[in-house]
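Single-structure report; data block below.
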Amino acid sequence: MSAQTTSKASPASFVSSSRWLLWSGIAALCAWVLVPIYLVALGALGGRQGVYQWPKTGLPTGISLDPFILFLKTEGVLQSFLNSLGAAGITVALSILLGAPAGYALARYNFHGKDSYRLLVLLTRAFPLAILALPLTVSFIRLGLYDTIIGVGLIHTVLALPFAALVTQGIFMGVPRELEEAAWVFGCTRVQAFFKIVAPLALPGIVATAVFAFVISWNEVFAASVLTVRNRTLTAYLLTVLSESPMHYRFAGGLMLILPSVIFIFAVRRYLFAIWGISSK
Amino acid sequence: MTNNRSWIPYLLILPSVAFLALLFLVPLLQTMWLAFSDNGLPSPANAQRMMADINFSRSIRNTFLLTLAVVPVQLAIALVMGTMVAKVGRGRETILWVWTIPLGISDLAAGLVWLSILQNSGYFNSLLLGLGILERQASWLSYQTPVALFFAIAVAEIWRGTAIVMVIIVAGLNQVPREFKEAAEIFGAGPWTRFWRITLPLIRPALQSALILRTVLAFEVFAVVYALGGRNFPVLVGEAYNWQNQNQNYGVAAAYAVLIMIISLAATLIYLKVIKVDPERLP
Amino acid sequence: MANIVIDRIRKSFGTFEALKEVSLTINDGEFVSLLGPSGCGKTTLLRIIAGLETSTSGDVLIGGKSVIGLPPKERGLAMVFQNYAVFPHMTVYENVAFGLRMQKADDARVKTQVEKAAGLLHIEQYLDRYPNKLSGGQRQRVAVARALAVEPKVLLMDEPLSNLDALLRLEMRTELKTVLQSAGTTTIYVTHDQTEAMGLSDRIAVMHNGMVEQVGTPVDVYNYPATRFVGGFIGNPPMNFIKVPVTNGQVTAGSEPLKAPKETGDEVILGLRGEAVQLAPLPLGLEMKVRVAEPMGSHLLLTGSIHDQPVRVILPSSETVRSGDVIGLKLDPNRITWLSPESGKSFPAATAR
């Protein structure tokens, strides 16, 4: 930095004040993201007394895990948590199983209809997909998928699959074709070459894609609420009990929704920008 | 790559095509049929019923106002974030991680987070009291304070939805070679000119996809609104939800769905037209 | 070991003809380079031989057996790729062992073969490292060792040195020659670098626009180019082409007449290597106007014109010629290539052998 500041030949005070401005801007934006999460955590751990404490100091006083544990023990919470995990698991499995082969085809082959396929995938982006849960209610009732985790997983896959296909395309394009050809030349069949060479190299990227599929499903509210009655996912459960729950339960629910996603985003942070760089092309 | 195996790619895309046909295209057509039919006959009855509803025009107005308020602010903040982080050397990764946290947060959770801040005995009122602006608890989220409620929802949406715009913008900025800006600087362009004349035109594809994605999501806004204001602030998707789940009227719900799709598609087309991406003008 | 017969191979991508009936025979144990500018079809031809690309028509025989339609792994060959294609998730040892493992060789054989190949290429000390920790030159050695470890019947190399810097390229070139001479494997080597092709090959096939223009030993291809393209592509500076009139079956170069081949018409093109000239006093020698004289240390490079046509010639560095001089040149009649102005082909009858 010092080399830059001297080369710009501007007064040092001006440079340092612009540095100061930059860092305070960054700090403010970080606070803007983090402080609300901190506050909802306080609300979730402060219990009933915490909610009505007035005025609030914003300091972590009078908090314990008990109110949160109490919330977890409320009827339906744990079950809906498991349901959310289940639906997200189905979404991850289906969107990778169906999306990754398509991504591989897009990355490695030129074929008639490639553009149409890409168009179909991009088209899904222009639609509010969760809305499609509405007509599916009728067909799902007929098929016995209504109010099941599988049904929710299926509609969440519609959301995650186009994303998975586009992102895995980029990931497979990142594995040089020459590596695969070298494997063929040195005695592999196409299938062997894929599993011995391509799959291990693409794995981290595919895991990141899977995490995104998980987050997409975990966070989806509308379709899950429309398609379930008793087997609610966590979001659907919270939405329906919202109006009759006490405040601190709502905050506990909010915190519970936030935590897993934040951990997952942390786990894949290295891939975030690569993935969105790819999928925004 | 090899001609004699031309069936392979089709085999690979077939499962996803079949899946999307069954669970995307078919429901799409079903929605349209549900919306424009009555007892198995084509009919505008559902659309008429939707438009006659007292919440209809309010929900359209609210949704559009929210979108108009939220999307430009998100884009502006994202551009500021992108420009700032470009100047940072060490600590860049951590800053970016913090800013992307809301990416993993659902709109419902975002609504609940801001509920904890904006409720009557919440932190916002405490802050105002501490600053001497307020003397007793004020209510921001009731039907009597529609403007405050609107701002609360907008703030929650901006808080949550900026991350995705930022990620796309930063990914776009990462692909702009540093030399372009340095060349402009050497030829005498100031920071402002560099931003408008060099950076923005070069990240057009990122801008386009960020705006499309964010706008379509903004028209889908629902759970934030529900968590903060209950039914005090009708929006399009919320109405669809109510007609489906409370009133069990699938036809009117489908009519809302079709309306939302038409608006989203129109917005996408407008963005594609207005922010043209000409591959020949990109590096 | 095996010979390779390429029989009338054609390849088109849509309307673009990448290869137009290419035929070529490579003998058992021979080292043949496919040399040409980018886009001439040399890599496509190599990939067709490898089975990585299908041909539109024609046949490829390896060891007398047609391999068209066979997947790469059944062709008994090994390949060195331009970007090395060393597997980043395997150690150097596993990379070199890869082909043997696929052949289900037992561990003892894998070990001896890997050690032998690693020894040839001096990479023994890197065997348990991962390729990401190696330099470009070291990765290149791994790629070659991996190819040699399987003792292939045929070795294909696709611009293997093009990603190395100049100094390393020279070093690897010498080393490749040593290694491959002892292995005696039939080798096809694709390159756009004439010095690589000249230095390494038994024979060179010069390709241009999807066709083989000439096949021959490096010396033949250099001295007796079959076409104007070959002469211009090979050699540094490239061959000079001077169009001159023919009178009574003779061409006048300075005051000395040269006997033109019988087949020539009114005009002929003299193909002249830059170094096949000597200074001569002016009325006797062919007149050259020197525009720029560049002393290069080992020689003197002159750029200018003869008969108003651009030429580059090389003189010993002991001569003193300055920019702007007009000099006389004596041509070596045995080193002139006579080319037809119409077809651009040389007249073989007149080319002394």
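Think of it as A, B and C in the order they're written, each chain with its own count starting at 1.
Everything below uses one rule, namely that a residue touches a chain if its C-beta (ideal position, glycine included) is under 8 Å from a C-beta of that chain, and two chains touch if they have at least 3 such contacts.
As the structure is a computational prediction, the values presented were derived from the model and not from experiment.
Under the touch definition stated at the top, chain B and chain C share these contacting partners: A. Between the interfaces A-C and A-B, more contacting C-beta pairs are found at A-B. Using the average of C-alpha coordinates as each chain's centre, C ends up farthest from chain A.
Comparing each chain's Cα centroid with the centroid of every protein Cα atom identifies chain A as the most central.
Distance between chain B and chain C, defined via averaged C-alpha coordinates, is recorded as 58 Å. One inter-chain figure worth recording: chain A and chain C are separated by 54 Å, centre to centre, where each centre is the mean of the chain's CA atoms. The geometric centre of chain A is 15 Å away from that of chain B, both derived from CA atoms. Across the assembly, chain C contributes 52 as residues in contact with two or more other chains. Within chain A, contacts with two or more other chains are made by residues 190. The multi-chain contact residues of chain B, meaning those touching 2 or more other chains, are 1. Listing the residues of chain A that touch chain C in their complex gives 176, 178-179, 181-190, 192, 197, 200-201. Per the touch definition, chain A reaches chain B in the complex via residues 1, 22, 25-26, 29-30, 32-34, 36-37, 39-40, 42-43, 51-58, 94, 97-99, 101-102, 104-106, 108-111, 113-114, 117, 120-121, 124-132, 134-139, 154-155, 157-158, 161-162, 165, 177, 190, 215, 218-222, 225-226, 235, 238-239, 242-243, 247, 250-251, 253-254, 257-258, 261-262, 264-266, 269, 272-274, 276-277, 279-281. Taken in their complex, chain C has these residues touching chain A: 50-52, 71-73, 77-79, 81-83, 85, 87-89, 98-99, 102-103, 146, 150, 156. For chain B in complex with chain A, the residues that touch the partner chain are 1, 6, 8-10, 12-13, 15-17, 19-20, 23-24, 27-28, 30-31, 33-34, 77, 80-81, 84-85, 87-89, 93, 95-109, 111-117, 119, 121-123, 125-126, 129-130, 137, 159, 163, 167-168, 170-172, 174-175, 205-206, 209-210, 212-213, 216, 219-220, 222-223, 226-227, 230, 237, 240-241, 244-245, 250, 253-254, 257, 260-261, 264-265, 268.
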